[in-house]
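These are the structures, in C-alpha cells.
Presented sequentially are two complexes of subunit A, the first with subunit B as partner and the second with subunit C.
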Partner chain A sequence: MTDLPLAGFLALSAVLLGVGLFGILTRRNFILLLIAIEVAMNSAILNFVVFGSYWGTVPTHGLEGQSVAVVLVGLAATEVAVGLAIVLALNRLRGSINVAEATVLKL
Partner chain B sequence: MSGPLNALFAWAFLVPLGPTLAFVVVGLFGRRMQRLEWGGWVAVGAAFVAMVLGVLIAIGEMLSPGTYTDRNIAWFTLPGNGTGTFPHGFSLVMGTLVDPLSAIMLIVVTVVGFLVMLYSISYMRRDAGLPRYYAELSLFLASMLGLVLADNLLQFFLFWELVGVCSYFLIGFYYQRPAAASAAKEAFLVTRVGDVLFLGGIFIYFQQFATAGPAPGWAASGFLFVHHGIPFLALLHPSNPTLFTVAGLLILGGAAGKSAQFPLDVWLPDAMEGPTTVSALIHAATMVAAGVYLLAITSVFIGFSSTDLLVIVAIGGFTAFWAASMAMVNRDIKRVIAYSTVSQLGYMVLAIGAGFTMVGLYHLFTHAFFKALLFLAAGAVIHAVETQDLFKMGGLRKTMKITSIGFLIGGLSLAGIPPLAGFFSKDDVLSSVYTAAQTHPLYWPFYVLALLTVFMTAYYIFRVWFLTFSGEHPRDPTLPHAHDAPWTMTVPIVVLSALAVLAGALVFVPQFGGLFAAGVGFPATPGVPPTYTTTDILLSSLSVGLGVGGILTAYVLWGNGRVFALPESSGAQPIRRLLLERYYVKVGVDWFGRRVVYTVARFFDFVDEYVIDGTIHGFERLFSDLSIRLRRIQSGIVLDYAAYVIVGLAVFLVFLYLIVPAIPALGGG
Partner chain C sequence: MRHLHQCVPQGLSVLGDSPVILDLLAFLVLAVTAVVSAIAALVVRELVHTIIWVALFFVTLAGFYFLVSAPFLGVLQLGVYAGAVTILLLFGVMVTRKRIFAREAATGLGPAPIALALLIVVVLATAASTIPASTTQITEYPVSALSYTLFNQYGAWLLLLGLVMLPALAGAIYLVREGRE
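This part shows the complex of A and B:
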C-alpha cells in the first residue's frame, strides 16, 4: 500500500465524509439518515487504517490503526442496532419515520 | 462597708431576666392563655419578682452607701498592637452595675412597672391583641431594667434603642387608628434624631478615649462607668476640650430626644395615642426619664464642660416653661398631663445643668410616682366615661371617689404643695438653680422661667381636676354612667397616692437620703436632702405661694362646674390660638417635611427609578429581546441540531487553522 500516495486516501476519506454529511443534512427518512451516518463514520475508519499503515512502526506494520478500525466497525454496528430500535419505536408511535416530524422533545 | 444584702448585687442580672422570660412566654404562648387574661398575669408575676429583687438590691445599696458593684463579662476583646486608632485595642462588655444611681432608678422602674402591669389587667381587658400588649410591655420593662443596670456606655446605648423600639410598638398598639400609627412613627423618628446625635457623641468618646481615661484607655476597658471599683470621672483627663464639649452637646441631643426636651418635644404629646397604661409607664415614669438618667450618668461619670452645662440649663428651663404654656389650653385630659411631663422633665434637666445632678434624680424619683398616679387616675376616668375631652366631663367626684382623691393628691404633689412629694423635689430644683445662679449670672432667666412654670403647673393641673371632677354632672349628658374601677385599677392608684405623698419626705430618712448624697470617687453632689436656711424658706414660700395662686386661679375660672370662655374680642385670643396650635411647631415640621424633605426625596426617587433602575431594566430588556430571537433556533428537529454541530465544527476549525496562526499574540504569526 505504501506505493499509493497518502493524498489519494485522504481525498477518498473527505469525499466519504462529504457524502455522509450531505446525507445527514438532507435526508428526512430515518433509515437513510442512519446510512448517511454510517458513510461519514467510515471516512473516519478509513483514516485510521491509512494513517496506521503509513506511520505504523515496523514490528506491527500498522496493526494499531487496523485494530481501532475493527473496534469502530463494532461500534457502528451497535449504533445501527440502537438506531433501528429507535426507528421501530418511532414508527410505532407516530406511524412515520420522518425525522422532521419527530419534535416531541421540544417543549 | 458591706451590708447583708450585698450578696444580691452580683445577681442583679436576674432583675431584667423575669420580664424577659415573660416576654418570651407571653409572646410565644399568649394566644393560649385566655384564662390568664391572655398572659397578663404572667407579666404581672414577672414584674412582681423583678420588683421584689429590685427593691431588695436598692435597700442593700442604701445599707452600704456609695458602693459600686460591677459584675461583667467581656463579650469580645480586640487586642491592640500599640499603633493605629486603637493602640490598646477595644472590648465590648456586658454586665451590671449596682450604684446609688441605678438603685434609685431600680425602685422607680420596678415599682411603677409592677403597678402599671397590675392596672393593665382591668384597663386593657376589653381590647384585642392582649398577648402582644403584655409581651411588648414585658420586653419594655426588661430593656428598661437593662438600661438602668448597664455598666458601660455601649450596653446603655443598646438598651436605649430597645426601649425606644418598645415605645414605638406600644404607641402604635391601636395600629388600626391612623392617628396612633402616625404618632408611633413620629415618636420613633424624632427620638431617632436624638439617638443619632447620641451615637455621634459615643463616636467622639471612642476617638477621644482610645488611649485616654483609665489605663489602658477607656475604649480598651469597654467604656465601663466604674473601673476597678473607681468611678470613671476620677480618672478623666479630656485631651481636647473643644471636642469634649461637642460630645457633651451630642449626648444632650440624645437625652433631649428621649426626654422630649425642646426642640425634640413634639412627639410626646402625640404619643398619648397609645393606651393610658403605656403613657403612665413609658411616657411619664420610666423611658422619658432615661434621657435625664443619661445626663445624670454622664455628669457623674464623665462630666460636662461649662458650655454644655449652660446649654443644658437653657434647654431645661425653657422646656419647662414652653410645655407648661401649651398644657394650659389643651382640652384633652391625657395631653395636658403629657405636656406636664415634658415640663417636669425640663425641671430635672435644669437641675442637672445647674450642677445638682442628684437633685434632678430626686425630682425624677418623686415625679415618676405622682405622674404615674395622674395618668392612672386619668386612665380610670377615660375607662369610665370613654372620652378624653375635658369639656364633656364634670361632676365625676361623686361617682369616682377613689379616682378623684388620687388625682387630687397627684395634682397637689405636681403643684408643689407641702408636704407632698412634689413640693420637696421641685423646691429643691428651684433652690439649686438659685444657688447656681449666684455664680453663673446667665442662669437667672431660666430660674425666672422655672418660677413662672410653678404657677402655670398648678393652674393647668387644677383646671383638669375641676373640669373633670367638680360640678354637678357631666357637661355631655350622653356620657356613660361612671363608677369607680375594679380592684386591680384602684390598688395601684392607692399605692401610688401613698408614694406621691411620702416619696419626697423619704430623703430625710438617712439611709434613703444616702443614695443621693453618696459620692465616693467623685465630688459629692450637694442638694439632697434639701436644707432649709432662711433664704430657702423664703424661696419655698414664694414657690408655694405661686402654686396656691395657680390653684386659686383655676378655681375661679373653672371651679364648681364653671367653664371659662375667653371673650372673642380679648387681646389674649392670639396667644390662646398660638398655644392651641402648639406654637405652630408641628405645622412647621409638617411644612418642612412636605416641602423640603419630600422634594429631596422625590429627586432621589427619580434617580432611583430612571437612572439606577433604568440601567438595570435596559439590560434586562436587551437580553430578553435577544433571547426571544435566539430561542427560534431550538426547533426540536434533529436535522437542525446536526447542522448546528457541523457549522460549529467548521467555525472551530476555521478559527483553529486560519485565525489563530495569523495572530501573534495567540502564538501564531
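This part shows the complex of A and C:
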C-alpha cells in the first residue's frame, strides 16, 4: 500500500479539481453546478485522507486527515441540502433552474 | 478484535499482505474510472444520466478510501454521497422538470474555462511532482482509534459543524416553505 505513489493521488486530485472547476465555469444548470462543486470538494477530501495516510504520526496512524475528512463530508452534505433548497425556491419563483435567471437580488 | 479491514473484500484490501501490483492496478482502474465518470457527469446532456455518472464517481472515491486504509471513510462516502446526496440530487431533478428525460440546451464550451482548468491542473501536478515519496508505514487501526481522534482532538470541529448545520437546515426549510408568493 505504501508503495502507491503519493504523487499519483495528488495528480488525480488535481485533475478532478480541474474537472470540477471546468464544470463550475461552463454549466448554466443549477443542479449541474452543484454536482461540479461536489466533484471539486471530493477531490479536496481525497487529498486530506491521502496526506493523512502517508504522513500520519505513529500514535494516531494518520487519523487526523480522516477526522478532518469526516467533518468535511458533513459540511459538503449540508451544502448540497441548502443548494437544493435554493434550486426549489428558484424553480418556484422563475419556473426554471438556469442560474442566469437567478437575478432576484440584483439591483 | 475483528477490525473493519478484515471485512473488506480481498481485492480492495490494503493490508500489508496484498500484492503491490494488485494495489497499483486497482489504483489505475479507479483513477481512470473516476476521471471519466466525473467528465461524463458534467458533459452528458441528460440530467438523469448525469446523476448516474456522478453516483459512479462517488462509488469510485469510496474505492480509493478502502485503498488507502480508510475503511470507515469509505463506508461514510458510500452512505452519505453514493446514497443520500445522489438521491437528493435525483429528487431535485425530479421536482424541477416537466419531462424527466428532457435534454439540456448545449452550452458553448469557451476556450477560457478549459484553459483555466488546465492551468490549475498543470500547476497542481507540478507541485505534486516535487513532493518526495514518503515511506511511512500505514498500520491497520481499530475504528475506535478514529473515534478517539475525532471526538478528542477534533471535537471542537464537530461542534462547529453542528453550529453550521443547524442554521443551514433551518435556512433550507425557510427557503422551501409554503406560502411564499
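Quick note on the criterion: the second predicted complex is superposed on the first by the 107 of 107 C-alpha atoms of A that agree within 3 Å, B and C clash if a C-alpha of one lies under 4 Å from a C-alpha of the other, contacts with A are read in each partner's own complex, and residues count from 1 in each chain.
In this section, a residue touches a chain if its C-beta (ideal position, glycine included) is under 8 Å from a C-beta of that chain, and two chains touch if they have at least 3 such contacts.
As the structure is a computational prediction, the values presented were derived from the model and not from experiment.
Overlaying the two complexes via subunit A leaves subunit B and subunit C side by side, clear of any clash. In the superposition on chain A, A:E38 makes contact with subunit C only, while subunit B stays out of contact range.
Counting the residues of subunit A that each partner touches, subunit B and subunit C differ, and the larger count belongs to C. In the overlay built on the shared chain, the residue A:A11 is in contact with subunit C alone; subunit B does not reach it. Within the superposed three-chain model, A:A69 lies in touch with subunit C and out of touch with subunit B [touch as defined at top].
In the superposed pair of complexes, A:R28 makes contact with subunit B and with subunit C alike. Here subunit B and subunit C sit at a least CA-CA distance of 8 Å once the structures share a frame through chain A.
Comparing the two complexes, residues 21, 25, 28 of subunit A contact subunit B in one case and subunit C in the other. By the touch criterion given at the top, residues 634-639, 642-643, 646 of subunit B touch subunit A in their complex. Of all residues in subunit A, those touching subunit B in their complex are 21, 24-25, 28, 33, 99-100, 102-106. Across the complex, subunit A meets subunit C through its residues 1-23, 25-29, 31-32, 34-36, 38-39, 42, 46, 49-50, 53-56, 60-64, 66-71, 73-82, 84-89, 91-92, 97.
Within the complex formed with subunit A, the residues of subunit C that make contact are 14-16, 18, 20, 23-24, 27, 31, 34-35, 38-39, 41-42, 47, 50, 54, 57-58, 61, 64-65, 67-70, 72-73, 76-77, 80-81, 84-85, 88-89, 91-93, 95-96, 104, 107, 109-110, 112-114, 116-118, 120-121, 124-125, 127-129, 131, 133-139, 141, 145-146, 149-150, 153-154, 157-158, 161, 164-165, 168-169, 171-173, 175-176, 180.
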